[in-house]
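All chains are identified by letter, namely A, B, C, D and E, in their written order; residue positions are counted from 1 within each chain.
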Amino acid sequence: MSSEAAPVFDIDVTVPRGEGILHLSFASHAAITALVGRSGAGKTSVLDMVAGLLRPQAGRIAVAGRVLFDSVAGIDLPPERRGCGYVFQDLRLFPHMTVERNLLYGARRAGSEPSLLSLLDVCALLGIEPLLARPVRRLSGGEAQRVAIGRALLSGARFLLFDEPLSSLDPARRGEIMGLIERIRDELGLPILYVSHDAAEVERLAGNVVPIG
Amino acid sequence: QARPPVVLAAASMQESLNKAADAWVARGHPRPVLSFAASSALARQIVNGAPADLFVSADEEWMDYVAHAPGRPGGWIKPGTRANFLTNGLALIAPAGSPVRLSIRRGFPLAQALGPNGRLATGQVGAVPAGKYAKEALTNLGVWPSVAGRIAGAESVRAALALVARGETPLGIVYATDAAVEPKVRVVGLFPPQSHGPIVYPIVGIAGSTNPEGEGFRRFLLSREGHKIFLAYGFGPR
Amino acid sequence: MASARAERMLTPEEWDIVVLSLKVSAVAIGGVAPVAFGCAWLLARGRFVGRVLLDALVHLPLVLPPVVTGWLLLLAFGAQGLVGRWLAEFGVSVMFRWTGAALASAVMAFPLMVRAMRLSIEAVDRRLESAARTLGAGRLRVFATITLPLAMPGVLAGMVLGFARSLGEFGATITFVSNIPGETETLPLAIYSALQIPGSETAVTRLALVSVALSLIALLVSEVLARKVGRTGVI
Amino acid sequence: MSSEAAPVFDIDVTVPRGEGILHLSFASHAAITALVGRSGAGKTSVLDMVAGLLRPQAGRIAVAGRVLFDSVAGIDLPPERRGCGYVFQDLRLFPHMTVERNLLYGARRAGSEPSLLSLLDVCALLGIEPLLARPVRRLSGGEAQRVAIGRALLSGARFLLFDEPLSSLDPARRGEIMGLIERIRDELGLPILYVSHDAAEVERLAGNVVPIG
Amino acid sequence: MASARAERMLTPEEWDIVVLSLKVSAVAIGGVAPVAFGCAWLLARGRFVGRVLLDALVHLPLVLPPVVTGWLLLLAFGAQGLVGRWLAEFGVSVMFRWTGAALASAVMAFPLMVRAMRLSIEAVDRRLESAARTLGAGRLRVFATITLPLAMPGVLAGMVLGFARSLGEFGATITFVSNIPGETETLPLAIYSALQIPGSETAVTRLALVSVALSLIALLVSEVLARKVGRTGVI
């Protein structure tokens, strides 16, 4: 199967979650695919499965033609080899590091990245330069969220998983960061799986909307 | 029935004193409560007012310490109760299978017998009574300087015995009584009694003890019948 | 049934020793745990001068050879000791009593308990405590419902460590309260006595195995409790 | 000063925060007062000061005529006596308790509450009845947020502090909970200090909007 | 300067004892810390059968009286012991050597270190570890950059506990390697020896104070390190 013909996201997963069983199956050719659904529908669970943090009972996960998981073929790449940049809903900044060390944690993987995503550019675009030396415990909610976005962007990922990445941000920042995401989509061509409750965000960014639950 | 007396005794007397207590019980007395520990610990307990009736020390030093300790008008020892109860000998021992032969006299080749790396096990010199006597005897025989750096000072004379029994050291110095109870060691020779000060075990009644059983047991230990029990364990006469 | 088998395996004297050891350890750990927790709390949360000194004091029984600790206890609780004289006014003496053995065990276990508890208290997220306070909980309720349950792994670990240490405690006990059969002769003292007699390896081994079995039971109990705490947040 | 004439929120605070100094002063007579401002402006800091978790360098805080803090008069009520129901931006659910025990934690204070805020009603309105026996670690982001709202509502508070309480919720849930908040405002008359980036929320709920930063 | 004063306060022999004690404790703690961490890791994270048994084994040196531990070491590492004979093939022997004293100290400190480290490992938020893995870090890098630094309070606490225990360790050492001045006579052995001599209370007190001073220094160092770790996440 050549990667040109392959869908950007080709996902078919089943996993027991909460009291029920979560099943989702879709193939999307859009660079940015939005996952929408009510709270508790299973959006985060799907991202976790794509990232390799939650193992599906059965199914298949391929991103840009690269198979990450296939229960039939016995493929299950470990998270560190899936190459995703994941902005977690609960952020998960490393509490024992400064903002700067958090941002650079995944940079090792990002050897030959285009200059769009250099540390200084990302910081400027996210408005977090003044915070670089701060311990992450002393950030406001929105500041922490921007650091989490920066960390994912700087990690040299092959694709991005965004779980409500703008939920704690003011409209102005939101707009700026959406612009940044569009540039990443257009200039770097990175596939993005995007979870959001915000209709405007989904409208503006996503080429395809997958409802869940 | 009478209340049993509490007897504090040096650890090395465990088997023999238990046997004597059995004999005392056979005479219709309550069994004395025997507490075995290092003489130093027991002596300190006494001078801090521990409620005991008799004290048997492994050496005179700690008995003197009790005798002279301050803190109680009239002292910690019941007047007129101190007696030297037993004596012991000092033995050079080797593991049972060892072919070593030595006769213990002035300048005997102890260091050579230890070989290039062997050590001489005994009680910690200067701390455990057996070690003190061993050093004294070796000094008087003129061999101390050649083995001073080769001593393995065990925590108790029985620990030294175990080192030799297990073949960790080729030779050791323990009391004759210790050598007698361990089949895995062989007595190479006994140190001449003149080579060290008399090894005596003093016994006293503790001041403040009101239990007549204590004094009764003390008299029994010092009696002919009592003494016989200890001779069977290799202790020497008074 | 298990106890019947144990009784068959152990002589009645040995059985008494086991019961005494359990009593001594249980009283020691139960009695000292609240003090240890208070101390751990102070060290974790207090910002007073002399904190490092208190810390050093807590570690003292660990740093000193046990016989020195026993000797110091003897000096303090003996007939002429400050505490000893004070206790004597109430007609209480711990000399040569099992209570003294429990005291020695408690002192020796103290630093281990404090350290484990302190680690867990320091790991408690203080934002949760402030959340509880906004919900109307006073300091005491916050402590009982948030801090203590969240620090429970450390409290349990501390109690297991302390109990194990107590089961092995020898030097301080024999120096402080001697080796009185039926009163202060706990398992380690009995084991030590047996070790002094050549050829007693089987007796030593049997008693040592009993110690190990007791600690295994304590570990299992603590695992079960820990799992229960993990599930429900309370013991 | 009678509580009728007094403003609902009478706040004048100064505190060093981040690299600068945060100063805010306002008096609002609206039952629901919204605090808006860009990320890092100091919204959470203000709520923390009202709740008694951050001590102002100087100033005065009074809610419904009740003085909670006054640096001149030397008044500084401890958090547990301020009587606030605080929905934290970072939720702060108690991880060692079930959802139910979290919800009931503050209920002791709520002895004689009107039945609107009974446990079952609140659970039904927030859609969290099926979760009551769950440990809070196993909730989705939005579920956890609803539990945090429920905990604050059930705590018998005299006033409420909401720090982006709906940020992780889908539009349907958002609407329902806004309805609930309106009922609390209208039927119970509880003062509410409301932080949000969402213009629609602020528009619908707040009688007064205080910009910050 | 401080050392000059210390030298004046201590006799040259005592000074040698202090240096030897530090060497023994440092080697013991430094050598056993990685093993203890590995064990703590297994106990915290492993889900294998026999976990409780490993746990019990780890606690063994705490549960058994120290002299029994020393005796078991003697059985294993002695001339006739399994390990001893194996080591002898390489011309190595720890009997009556300072290395043996370090081994005894290490064994006695082991359970304390494991428990403290395990508590901290269990407290590490595993979601942070999975976040690190999504960022491309393999298990080893996650361990070195996330788990270990976050568990650092427990590692430090374990090392302090172990060091303190090592400074006080007496029974296992003297039983295993005897008291050989200059080779195995550490502070507690010297203190014990002194305690056996009537009227030696001043010597005992002086040496005990030296022990306390050393542990105080260790505590201060660990506090400084802990603060540094708290600030920067690395030592």
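One rule holds for everything that comes next: contacts are C-beta pairs under 8 Å (C-beta built on N, C-alpha and C of every residue); 3 or more make two chains touch, one makes a residue touch a chain.
All of these numbers come straight from a predicted model, not from anything done at the bench.
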item: Steps needed, at minimum, to go from chain A to chain B via contacts; value: 2
item: If a chain touches chain B and chain D alike, it appears here; value: C
item: Longest centre-to-centre distance from chain A, chain (CA-based); value: B
item: Pair of chains joined by the greatest number of C-beta pairs in contact; value: C-E
item: Interchain centroid distance [CA atoms averaged], chain A/chain D, Å; value: 31
item: Centroid spacing, where centroids are CA-atom means, of chain D and chain E in whole angstrom; value: 51
item: Geometric centre distance via CA averages, chain E-chain A, whole Å; value: 45
item: Gap in Å, rounded to a whole number, between the CA centres of chain E and chain C; value: 21
item: For chain A, residues contacting two or more additional chains; value: 90
item: Interface hub residues of chain E, defined as touching at least two other chains; value: 67, 71, 171, 192, 195
item: For chain B, residues that touch 2 or more chains besides their own; value: 162
item: Touching pairs - complete list by chain label; value: A-D, A-E, B-C, B-E, C-D, C-E
item: Partner chain E, residues of chain A touching it in the complex; value: 51-53, 78-80, 82-86, 88, 90, 92, 94-97, 101, 105-106, 108-109, 135, 151, 155-156
item: Interface residues, chain E side, partner chain C - complex; value: 52, 55-56, 59-68, 71, 111-112, 115-116, 118-120, 122-123, 153-154, 157, 160-161, 164-165, 167-171, 188, 191-192, 195, 204, 208, 211-212, 214-216, 219-220, 223
item: Sites on chain E touched by chain A in the complex; value: 127-128, 130-138, 145-146, 149-150, 229, 231, 233
item: Chain A partner contacts - residues on chain D that touch it in the complex; value: 18-19, 36-40, 43-44, 89-90, 130, 138, 140-143, 145-146, 163-164, 167-174, 197, 199
item: In the complex, chain C residues that touch chain B; value: 67, 70-71, 74-75, 78-81, 84, 93, 95-96, 174-184, 193, 195-199
